[in-house]
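The structures come next, written out as structure tokens.
The same subunit A turns up in both complexes below, where it pairs with subunit B and then with subunit C.
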Partner chain A sequence: MTREFRRQRTSLFTPAPVVHALRGVSLDIAPGERFGIVGESGCGKSTLLRIIAGLDQPTSGVVEVDGVDIARLPERRLGFLREKLQLVFQDPMSSLDPRMKVRDIIAEPLVAQGKRDTLPRVLELLEAVGLQPEAADRYPHQFSGGQRQRISIARALAPDPQILVADEPVSALDVSVRAQVLNLIAELVDRLSLTLVFVSHDLSVVRHVCDRVAVMSRGEVVEIGATEQIYDAPQHPYSRQLVAAAPRLRAALAGRTAADLAADTLAAKERP
Partner chain B sequence: MSTPTTTPGYAGSPPPSPDRPAAPADVLRIDGLHVQVGDLELLTDVDLTVRRGERVGLIGESGSGKSLTALSIMGLLPESLEARGSIAVTGVGGRHTQVVGAAERELAAMRGRDVTMVFQEPMTALNPTMRVGDQVAEVMRIHHTVPDRRAAGARAVELLDKVGLPDPAEAARAYPHQLSGGQRQRVVVAIALANDPALLICDEPTTALDVTVQALVLDLIVRGVEARDAGMLFITHDLAVVASVCERVLVMYGGRVVEAGPVHDVFTTPRHRYTRGLIGASDLDLTRPDGRLYTIQGSVPSAGRFPAGCVFRNRCIHATVECESVPPWEGPGPEDGFACFHPVVVRS
Partner chain C sequence: MTLPGGLSRLATGLQPASSQRSRRGVSATIAIGGGIVAFIAIVGLLSLVWTPYDPGGIDPTSRLQLSSSAHWLGTDKFGRDVLSLLMAGSRTTLVVGIVAVGVAALIGVPLGIMSAMTTRWWGEAVMRANDLLLAFPALLLAIMLTAVHGQGVVTAMVAIGIASIPSFARVVRSGAIGVMKTEYVLAARAAGRRPLAIAFRHVLPNVTSLIIVQASVSFAIAVLAEAALSYLGLGAPPGTPSWGRMLQEGQELLFVAPRLEVFPGIAIALAVLGLNLLGDGLRDRFDPRLRDRR
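Now for the complex of A and B:
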């Protein structure tokens, strides 16, 4: 699959330059799998995610969800995807409408599907994500970052989806809250037998949550495999660099300094 | 580590005493710093010392007061905030500045010369309408550390070369938007090191950068500080980064320093319950028997919502009635100790 974006023309006589956001990306995600996508800013992971979620269309290629090619479907025929696949975004402040009460936020996907009497389901979801029933009548600004992310997760789970797509769901959270939200995602995915697609720039977070991971760089998937294998023995120079550059508490306490980190990162790039 | 002992005469922190000048090697000495807005206390009784050639980390989650501490040292607090206590800076050539209550003129002479700072977001720290070479030259021209304009320009190119920008002469003519995030942060580091400061304050300098770029920028900062034998105060929420960069660390929560000590000791045998929880929650390699991560219950309260007494007690499973009063500081001094009634017991 590819995705190209046309940039603004710089001259009347030359064609507009093209940005190759995704270049020949192919991957399969099995039902019930916990799949991670890792890469640095600008590698195309968010573009890939938007296409998987049917929010954007590829320039060429096929995206099948349960055997249906969603790449060429018009929005009005994507209703099945909206029920089947739900998203959790990075920033829980900008992804929740500040003027809606929590009960309306969580009920919105249900209302969109024409369901009525949503309150019992909303209360059930609040409990599932570890919030009090009183939360239903409050507004997003009355919650902390971690609690807002719980609200986002409750909204995503409202239509009882089979696939949960999370785009950097913990990178805006404090360390002490990050672990809570990661645990919650892992628990819900287990309990509801969800397929998880988890995007992050942090390989150690993905490693904790996912079975299999794809490493992306410059719009391409450079390596794909079992998480442990990529974490312990990365093959592609870019994955090696990613693993080498990440500071780890234990290694640092054992005497790995910033100079070692930098040297390992450069060495990983150059090693054949 | 031996079991902590209480030193008589060191309960909480001593009152700021003007008759106790900073030792010659101290570039920064903070005694009993309080910052408040109206009746709301944002920083309480912060003690912190940084010596020449020493790298000190300040860790904590958002709202713990670490950035406010940095702004206090730079004399950059908003006018609505009121600071009490002592912040003594011993700058280049032994020049002494008492930041609390200092006139703007005095602070302007200190900033960018004795104490410099690297901020989190390089795009907002740089002037978008000015070539980066001129921005590096500007800080030297303002403090007259170079004889003239031409020398400043040449020195700027040299500094940009030192921080690893490819083709520094060309880079000096670029505007910030023409550089990548990592390159921009290198420019900010060049500006911060231009006048060979006595103290470099880094506030989350690599949080906005990709991990492979982070490794290189951290190395660059450490080498720059070492080459100048400057002190460094490194603020971050990332424990692994602090452990890679610093020798000593202070843990902040709710506007207080709750634990301090050598990095290795604090991270391997934490004593305060919050430090212990924070380390557990950060370590993604460590899981509970059920495969889940260790967590701290609840979330960080917003400013002014921290409980009285021990600031951590509403999230601490070990909290008792005793914790409703402020725990005294236990340990040999402000550089090594903790404030907790129910510390983690060290098994020997």
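Now for the complex of A and C:
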């Protein structure tokens, strides 16, 4: 699959420059799998996710979901995908409409499907993501980044999807909050037996939640394999770089990795 | 409900939702701007049922009088009471402003939103046509319409309204393009929301503050344009009270009775000031993020 963007022309006499956001990407994600995608910022991760979610169309190639090629379907015929696949985005500020109450935000996928009387479901979802029922009548700006991501997760779970796609859901959060949100996602994916597609630029975060991982660099997938395998024995030079750099960088910045913190809180929970 | 670890703290960290807003009350800008606009509106309504004298009542025996207890702001060259004329003139100003802004918003807002949401060629085409109209002076448009349809308040309102469409479309389009790029619109699309629902539930609410500010700016411009048109004899016809007409009729007596120019001038300036203050104040207040940050 490829995706090219045309940049704004810089001159009348030269054709518009083309950005190759994705080149020859090919992936298979099995039902129930927790699939990770890692790569540096700007390598095309978000573009890939938007195409998988039917929010953007590839320049060439096919995207099959349950045997249906969604790449060439017009948006109004993607109804089945909208019920099946939901997203959590990166930016907790921009992913919730500042003019909507939390209850309307979470209910949106339900309302889009023509469901009425959504409040009971909204309250159920709020509890599932660890927020108080009072949150329903507040506006997004009254919450912290971590809480907003919880609201995003609640919205994504509202239509009972089978596939959850998360685009760097913890990258914009404080390290301490990161672990909580990460654990919440892992827990919900487990409980609801979801297929997870999880994107991050940080391999240690992906390692914490994913079984299999694809390493991307400059619009290409350079390596795919089991997470542990790539972590322990990276084949491609870029993967090696990623493995070597991420934990050390993180250790230097924060003292500990997000994964360590997550492991700690998990351990703490399991203690009687 | 039991919450893991740090979660209970999160819940208590929330701000009380409504008390915050009411405690602070309205800002000084809104109070002053809104006060001026409300005053003009009340005067306009009052003039429907009561003015000190008949605003059209010509009285040759009391021409060009100075302020007195009988005529607070004096009389004009026909012996009409200036205060009564000002009061009745505010009606013309308000009606022209409301209709002109209404026409401009009703056409400009949908155009701006649609051209921001479509990826088709006509989105661009609409905006190029918009630029053409924007480059076209409002007064020239009004003069042309007057030539075709004859002088009158309705022609003036429609002309000013049409001339204000581009600024609405422009402002709304740039705001809507920003909204369309947000992740909450992506999420709405992923939720299966149709474009019309996205336009009404996400785009429109998030550009209302822009529309309100633009409406107040356009209203102020319409007040000035109406005065200019009437001053040129292209707006309110003789017999229709209007601040612009008062300026025109008082012009020849500028050095004899300058107050005949000063009073309508103050009225126009006050209306423009009030509208601009109100627009600024409302913009700050209607944006929930700005509101709670203060």
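Odds and ends about this structure:
Here is the rule we use: the second predicted complex is superposed on the first by the 239 of 272 C-alpha atoms of A that agree within 3 Å, B and C clash if a C-alpha of one lies under 4 Å from a C-alpha of the other, contacts with A are read in each partner's own complex, and residues count from 1 in each chain.
The rule is simple: a contact is a pair of C-beta atoms (placed from the backbone, for glycine too) under 8 Å apart; a residue touches a chain by one contact, two chains touch by 3 or more.
Remember, predicted model here, so these are calculated numbers, not experimental data.
Touch criterion met: A:S144 reaches subunit B and subunit C at once. Once the two complexes are overlaid on the shared chain, A:S60 sits clear of subunit B and of subunit C alike.
In the superposed pair of complexes, A:Q235 makes contact with neither subunit B nor subunit C. Of the two partner chains placed around the shared chain by superposition, subunit B is the only one that A:E40 touches, whereas subunit C remains out of contact.
Contacts of A:H208 after superposition: subunit B is touched, whereas subunit C is not reached.
Contacts of A:L85 after superposition on the shared chain: subunit C is touched, whereas subunit B is not.
Of the two partner chains, neither subunit B nor subunit C is touched by A:S26. With both structures placed on the common chain, the touch criterion links A:Q180 to subunit B and to subunit C. Overlap of the subunit B and subunit C interfaces on subunit A comprises residues 144, 146-147, 180, 265. Those residues of subunit A whose C-beta lies close enough to touch subunit C in the complex are 50, 53-55, 75-76, 78-79, 82-83, 85-87, 89-91, 94-100, 105, 108-109, 112-113, 127, 130-135, 137-139, 141-144, 146-147, 152, 155, 159, 180, 265, 268-269.
Contact residues of subunit C toward subunit A in the complex are 1, 3-7, 10-11, 13-15, 17, 182-184, 186-194, 197, 201-202, 205-206, 288-289, 292. Contacts from subunit B toward subunit A in the complex involve residues 61-62, 181, 210-212, 214-216, 218-223, 237-241, 243-245, 263-264, 267-268, 277-285, 287, 291-296, 299-300, 302.
Those residues of subunit A whose C-beta lies close enough to touch subunit B in the complex are 40-41, 144-147, 174-180, 182-183, 186-187, 201-202, 204-205, 207-208, 241-242, 244-250, 252-253, 256-259, 261-266.
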